[in-house]
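First chain written, first letter: the chains are A, B, C and D, and each begins at residue 1.
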Amino acid sequence: MKVRVGKETIFEMKLIHVTIWNEFIHERTEPKVASIYPKGIHEAIASGIGPYGFRIQTATLDQPEHGLSQEVLNWTDVLIWWGHLAHEQVAEEIVDRIYARVLKGMGLVVLHSGHRSRIFQKLMGTTCDLKWRSDAERERLWVVDPSHPITEGLGEYFEVEPEEMYGEFFDIPAPDELIFISWFQGGEVFRSGCAYQRGLGKIFYFRPGDQEYPTYYNKDVLRVIANAVRWTATAHGAEPVYGNTSPLEKFNGDV
Amino acid sequence: MKVRVGKETIFEMKLIHVTIWNEFIHERTEPKVASIYPKGIHEAIASGIGPYGFRIQTATLDQPEHGLSQEVLNWTDVLIWWGHLAHEQVAEEIVDRIYARVLKGMGLVVLHSGHRSRIFQKLMGTTCDLKWRSDAERERLWVVDPSHPITEGLGEYFEVEPEEMYGEFFDIPAPDELIFISWFQGGEVFRSGCAYQRGLGKIFYFRPGDQEYPTYYNKDVLRVIANAVRWTATAHGAEPVYGNTSPLEKFNGDV
Amino acid sequence: MKVRVGKETIFEMKLIHVTIWNEFIHERTEPKVASIYPKGIHEAIASGIGPYGFRIQTATLDQPEHGLSQEVLNWTDVLIWWGHLAHEQVAEEIVDRIYARVLKGMGLVVLHSGHRSRIFQKLMGTTCDLKWRSDAERERLWVVDPSHPITEGLGEYFEVEPEEMYGEFFDIPAPDELIFISWFQGGEVFRSGCAYQRGLGKIFYFRPGDQEYPTYYNKDVLRVIANAVRWTATAHGAEPVYGNTSPLEKFNGDV
Amino acid sequence: MKVRVGKETIFEMKLIHVTIWNEFIHERTEPKVASIYPKGIHEAIASGIGPYGFRIQTATLDQPEHGLSQEVLNWTDVLIWWGHLAHEQVAEEIVDRIYARVLKGMGLVVLHSGHRSRIFQKLMGTTCDLKWRSDAERERLWVVDPSHPITEGLGEYFEVEPEEMYGEFFDIPAPDELIFISWFQGGEVFRSGCAYQRGLGKIFYFRPGDQEYPTYYNKDVLRVIANAVRWTATAHGAEPVYGNTSPLEKFNGDV
């Protein structure tokens, strides 16, 4: 749609298309998790970021092609990923399809235990392993890059409690932009908000969100996810051409 | 202003406020330059990026406070800087004022010979020296980070000709994001599009734009400047608090 | 071995163990290549960097386990990789073995067409595609990070001619440290010296070295490879522990 | 000196020349500090890193030229800096002299309250402000880049207690390499080990070391400082040439 501002300026407005993917197993097999997220984590996130003005659909592991047909991915500007128990059940073909879309510009927001998903590992080039402890402790996320759009609307820090702990060393490439660092009661720290570029695509990893805690109702967590959707959806350049190429300049006496 | 999309979604739209600063000396003392930029480089840039929908004003060296009163800077979301002959005539007080505004979130786009401006040197922490040659040669700027919003609307490369040459080593800190690399006929390369974060602010250095050539009428150059304005104007987080601070957690038996 | 300096200071000196891997096909099937590298590219490199004082062995594709048994890799401080025609013939098991060793601290120096090797792609998380042209042109590599040890002993730039051209966009993650940028006669540029960290390991990608040209007799090219061996062999920290972990601090009333 | 290894290999060994600078005021005016560091912080550091095999001298604020004549700086491979009360008493001329030496390749290790020194601010381009609290708490420094030589010989983390707290936001440019993150009892985190490149020089900022605590007797702290001396002393490339330059290639019909 087009929006006219004053007499001359016209903005082309395009709603960001978001697909929220969830493996959707804990919520259907564990009463505790079901009581927190009765419709699934994906629906909680969809409700939580809806007011920010995205066009949202969801997809889950048990759907055909895990709900991620080529058509769905082509529609998608930003894919949000939550997985934990079933990383190995995600078909390699689907992983490759997501990978190709990211390199061609689709944004990817990987949440919490998605750190060990095959798509994240494939894009990072490392194991993405870490330390963890599920002991309902307090996490305090400090902003260490307040110039980044993902920090809009947040304070200098925000807290999530209770939460699972993730601790360093987190086996990722050094982030292109490190945005949050978490403090945990048990004595650990963690690089909690990590931004990366791959091909034409932008990727954001965000730590909080264990299935056992109501983290995806936390307003700061939702704000970060919404900001991350906007940032990973920002414009990119032209698709590169690879392979054998003719010279742009004459040399060696060529005419 | 607010824009309603469909029934519920409301976007707060805010035009980006841009101040284009030019030392405005070449254009008033050299007929060749005056013939290319009769109203000054600042007006050429203002006309060129106007269609992208910014609120624009200009400022020049000879104005009181170089046209950069605190009020003007407070109004400004993004400051574009062109200077060459008179870096030393820019008052230290004004440099400090710009510096403080950048650290609090104002965007800064430094063009061409602005590499040796006091404000850019102060923000970089290096001399920002380089090699140069004014020989009307061909420059080809290659996109090396097509994921970056500053590359929107460009091809894989674009050319500017004729132009002055700038060559490596360019004494800058390694850019947070390196976006363009230039090829020159004479055999040199240059990091031509460099993005930095300082405090809450974003900075973009863009190489082309010698006063002797009509570079600021080149549509790709203008597109990059417009994209850079948008990128440096993106949201930032809360202003940090510094100094002595009370603990957020009890320890050592404190209550 | 130990070296005593003055009365008290003792240095532990350890020769760096280097394994040079080459697929070794061109040299045995193409007379032109055989005439340049009669014993293979691996032997040319071994001779060329020998004077820098490394303990060197070589390995080739046709050996059992491609010459890269676990024992060989455990012995190896730095692995140099040259491959081109046969990336797909390198067994996945061997790729995984190298990958694990890099993450535990082995250095890796990837040369030229090794950009499409499975080990490099796996560590980068991208396709590592690029433009190319085999037209015997002049390449000039400019130093853009003279603070880096890999630039020791070089001038501001050095030339390799004739060489194949590699051009941007090079589909790699933004290097942790970008050290060389190449200029080509045909009008392209390329990020020719790229340093990365993965786990405990350091990786260096170096562009020159097409099989059709005598590049591995060029003293600057050899100097870069020797410097890269030293840099990727520098010390690293302790091996991380991953998984479930106990808190280091008491909280929630725990004692 | 030269060292022969086996029959042929010769290493040129050069002891690293270290100058430890200290403002040396607290130790002469405050009994508590004097009791911890009776000969001054500089002498404690000199003793602590001596066994690592450096050639060490010290310099203090009250000496002529603050002990940092051009001759001393030319001798110096790595300058260690500790200051707190008297940043403004360091003469601008001396700051400029250090700055010039860093850009030409001298290493710089800035300790603790040196974050607000004029030389560090000038090299960073930011205020380097932070939060602080002197409450004798426990600091735990986690290694977040175990590939870096500065982490050699350390565990996954080490503790310093008691110490002053420094908390985010720390107003520095995003480090080129972030090596340590601190956890504090009071609930804060801090980027405690930050590596930068400027010109030919390497810089390392290391957080611990308040004058009120015996931090510079801690073996891990000393190990980090010794490692940082080695890293900032590693080789660099040729000194760049700046200014007007002739083309390396013919163009525009030039012969």
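Before moving on, here are some points about what is shown:
Throughout what follows, a contact is a pair of C-beta atoms (placed from the backbone, for glycine too) under 8 Å apart; a residue touches a chain by one contact, two chains touch by 3 or more.
Fair warning: this is a prediction, and the values are worked out from it, not measured in the lab.
For chain pairs B-D and B-C, the one joined by more C-beta pairs in contact is B-D. Centroid distances from chain B, each centroid being the mean of CA atoms, peak for C. For the pair chain C and chain D, the distance between C-alpha centroids works out to 30 Å.
For the pair chain B and chain D, the distance between C-alpha centroids works out to 32 Å. Taking each chain's centre as the average of its CA atoms, chain B and chain C sit 37 Å apart.
Taken residue by residue, chain D touches two or more other chains at 140, 143, 145-146, 156, 167-169, 174, 176-177, 185, 187-188, 197-199, 240-241, 248-249, whereas all remaining positions touch fewer.
The residues of chain B lying in touch with chain C in their complex are 140, 142-146, 156, 167-170, 174, 177-178, 181-184, 187-189, 191.
Residues 1, 3, 5, 9-11, 13, 15, 53, 105, 140, 143, 145-149, 151-156, 176-177, 185, 197-202, 227, 234-241, 248-249 of chain B are the ones that touch chain A when the two sit in their complex.
On chain B, the positions that touch chain D within their shared complex are 103, 122-127, 129-133, 135-138, 165, 167-169, 171, 173-174, 176, 185-188, 196-199, 240-249, 251-252.
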